[in-house]
């Protein structure tokens, strides 16, 4: 079944002698990743730093990050899942045909070399970006790489980590997990959390028109989502909190300007490896923080009649094993 | 103010064994001699225990939160706590959500829990989760035995420095004590290796052995005068024949206080999985002659659970054995953890031995002041199944029925069938409350005496022991009725216990360069701010 | 004019969340973000403490924060299936309030992760 | 006399109606049926707010209307039948244990998810995750039959353990993902990644497939079991060719990455 095998970034800094970036362009999207956490760092286990580490970049095009890589592997667009699945077979000494390998844009020699390096390193890591997780196959592409990393532990130490973008999206994930058990894609309409990505995930919900009001915070779906989703947001009462007046604000019934996190609002943010860090705002904002505004809205909601009629218990929809 | 009259009181800390006694609670949530006014609960015919204290559980932090993400299938089938006007929703099960954790613990009369494995680096996260666990009071233990900065000091023979480093970390983590997991083994796992022999140097070190770490860390805990001694998860967990490792470890603890975590997992004989058997009588014998050491059972219950431990190598083995999901999270410089969903089956001989071993330890160790109720939640089973264990301890006939369902081959591998001992209510109250509270050094807990925290549980006496312990009539936390007739009445915020040990002032500057070498966050951002702890109860330790 | 300095500040622009930034500011504007990358520098320097936007808008018209809060609560409370979404560019403290909001509303809750 | 329900008002948000199952309804009077609780988003409302109900005391349900926002019809049903005239929403027949569901129209995602047994026939198109495992579950459908005349979406039969899925139209990506057993029959083929990570089980396609690179061509053959299978499928109106005179099946084994012992059979007309 595989699973998820990961670590904090300091482990990579200290130990990783084999670093693969897959479908990501850290040089331009996470500029300090190389210098602060990965290839450029020296450590007691890798005293020569860059010289003691090998970096591989797998992507559909030669981005700026390729310059930093020892090996660049250009995978054909839409073939990441196939390539990772081939690697899963190759590490187990299963035969895969040359023609099949060629369809992914690779050569047998190239993959043999990659597998050899993967197996002979002391500590390997896959970092994967949106080039993997947002292309055809989506979460299955990420699952493929996570599984490959887990399976590599039969040979050596290997971990995998998503290169999360967007500031504190990791924090949302972590908090939802401890408060609801699930990382995203949740409904509380039966009075307790249920989870089903595809059913309760926002793009799907909006495109199908499944919600009749929306509260948007720390995101601008009005600028980034497919048009049918944006159309639905404009149709229903939408409330938007943002430090700026955004595309979403313009289609919303209510916009409230808030202080920017880490600039003028204090608090906590989670790093991509799920470490929480304190924020130290430099400026004082003329606007209230998100935390304050959402809390005040919650207090206002709490004063209204509770949605579950007194004494009623919604039916729980449990799985039937 | 609250007065509870007429109940049969089991208060082992004050040697009260079923006497009828009135209890009075003041507005500060403490027991007092008398009160005037306020509510009176007539507990005539009912049984009164001090609120349960879980000495060893995993309820919050990076590893537990990882387990939640890995087990959506369990969330779907488990108990759901429905939102009310005032109470947050939640999900129970193998890896309950924070709110549900509080409801479930309180629901079976537990009012204090000790989260037994916190890496300093995820301490900030853990405290945030603990703040979202309502009702119960909490403490955390910091994982130290694989911390490379500390290990380097030990390797260099710098005892004082090592001690300062430990003290520095405890305060940085806002923690209550020291947890040692598989000393040296997790550090070795980071190279895909393990540490199984106490006297062999660990991977990456020339002369430092697990045995030396055990002795030094126990000494440090004693010297820092921590209220709870070193809390040790021995090397070689879960492996057939590991009793020799465990006994060897105990030898390294001679003359020290220590708490051995989940000893069931460390009490096996045999040479391999085919010959594995219980070796609990040897271990129990050790405890019976060494009152300086306490332990918790780490009992196993049949059924589904998810195993979470800082013991990464063991988890990789378990993943290979089960072929199911596997999560692993290594934490820089400090530790790591592994997560594998697992089903204990009575038909599986190894599982059957584990099930019997946990109960044997609780029955063979004579003093309930030394062995405490635990499943190492969620590793051996979920904490909300403790009442099932109590039933097994109190009813020899029920135990025999359960043994009869095990495979025939179990004979000669376990000693449980020969044990007739039945726990009394007094012993149960000791093992689930007074004993663990004393071992934790929480003298205001597990104690119905004047001045102590008014945490107690009132049961309606029933023949069905498991039912009785899972359905208290009242649970009272700090004088507030939180559970009444099975309903959650109030969800107050609990306190968090932590210690402030003293360390040499130059420790900060000593730590800084070492820290910057191996960590990726700023030294100054690393310690958890005391303001983040909800209702901190800080014990300042005497200077050394 | 001398600038004030904040050490070990944390940048939340990308998932790296670097916490070693030194910010030089005059209370209105951050003038320098030492150690920050190009993206982080732009992030820090583009914000000001000036009031560039109205406090709140209801149906495109300026409103007070309190009015907007009451309006938001009413609209969300009336809905049969309200959605709480986003939470990328905000603090954990606000995120916790968002989960609480979905919980008390009986609504949908989702983050950018689902995209 | 079957019980007939007519959707009288389109729900604005999803309507969850797991009570629309013979197991719940068969013993109830008309009034009791009308009073059953359904969930319009978070609102608990009586069934009659959305449906007119004719009949009572029957384990045959006939439902009319555009039900594409109506979810969980036939959840965990073990007996009787449900016939839908119109579109139907998600989770139709999920966890089903027995009985029949027939849809004269299109169905949405997750139909027959984790079903144990029973029969579902969708005459129109269906969505994704047919007979699949929900997130995190180890196994999808454990037995039973699902027939979709039209096309289907992603991840059909994901982690299914036993049972049969027949798709008349084309399926999208990841058909038979991580399959553990059972049979998927693709009358019109599928897009990509068919059989990815499959462990055991059989996928039969009557149209050429783009194979995963980790499937190995094994042989051409006309397996005996297909005769038996074809006869059984005939009763559902599905024609599976098997005569050697008409052609052969190319057999591919995989997924090597697991490494699995599944097979994909691709029909090659003579």
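Some notes on this structure:
In order of appearance the chains are A, B, C and D, and numbering begins at 1 in each one.
Methods note: a contact is a pair of C-beta atoms (placed from the backbone, for glycine too) under 8 Å apart; a residue touches a chain by one contact, two chains touch by 3 or more.
Because the structure is a prediction, the values reported are computed rather than measured.
Put simply, the chain closest to the centre of the protein, by Cα centroids, is A.
Computed from the mean C-alpha positions, the centre of chain B lies at a distance of 46 Å from the centre of chain D. Here the CA centre of chain C is 44 Å from the CA centre of chain D.
Centre to centre, using the average C-alpha position, chain A and chain C are separated by 19 Å. Mean C-alpha positions place chain A and chain B at a centre distance of 33 Å. Residue positions 1, 36-37, 174, 179-180, 183, 188-191, 193, 195, 197, 210-212, 268, 270-271, 275-278, 302, 307-308, 314, 319-320 of chain A each touch two or more of the other chains. The set of chain B residues that touch two or more partner chains comprises 70, 72-73, 76, 83, 88-89, 128, 132, 324, 521, 525.
Shown for chain D are the residues that touch two or more other chains, namely 12-14, 41-43, 134-135, 137-138. In terms of which chains touch, the assembly is arranged so that all chains touch all other chains.
Against chain B, the residues of chain A that register as touching in their complex are 1-11, 13-15, 36-37, 43-44, 122-123, 150, 153-154, 156-157, 159, 174, 177-183, 188, 190-195, 268, 270-271, 274-278, 302, 306, 308, 313-314, 316, 318-321. For chain B in complex with chain A, the residues that touch the partner chain are 60, 62, 64-66, 68-70, 72-73, 75-78, 80-85, 88-91, 93, 95-99, 121-122, 124-125, 128-129, 132, 190-192, 316, 319-320, 323-333, 336, 339-340, 517-521, 525, 529.
Contact residues of chain A toward chain D in the complex are 1, 81-82, 85-86, 88-89, 92, 94-97, 100-101, 103-104, 136-137, 140, 188-191, 195-199, 208, 210-212, 307-309, 312, 314-315, 317, 319-320.
Residues 83, 88-89, 128, 132, 521-522, 524-525 of chain B touch chain C in their complex.
Within the complex formed with chain A, the residues of chain C that make contact are 4, 6, 8-19, 23, 25, 27-30, 37-40, 43-44, 47-51, 53-60, 65, 68-115.
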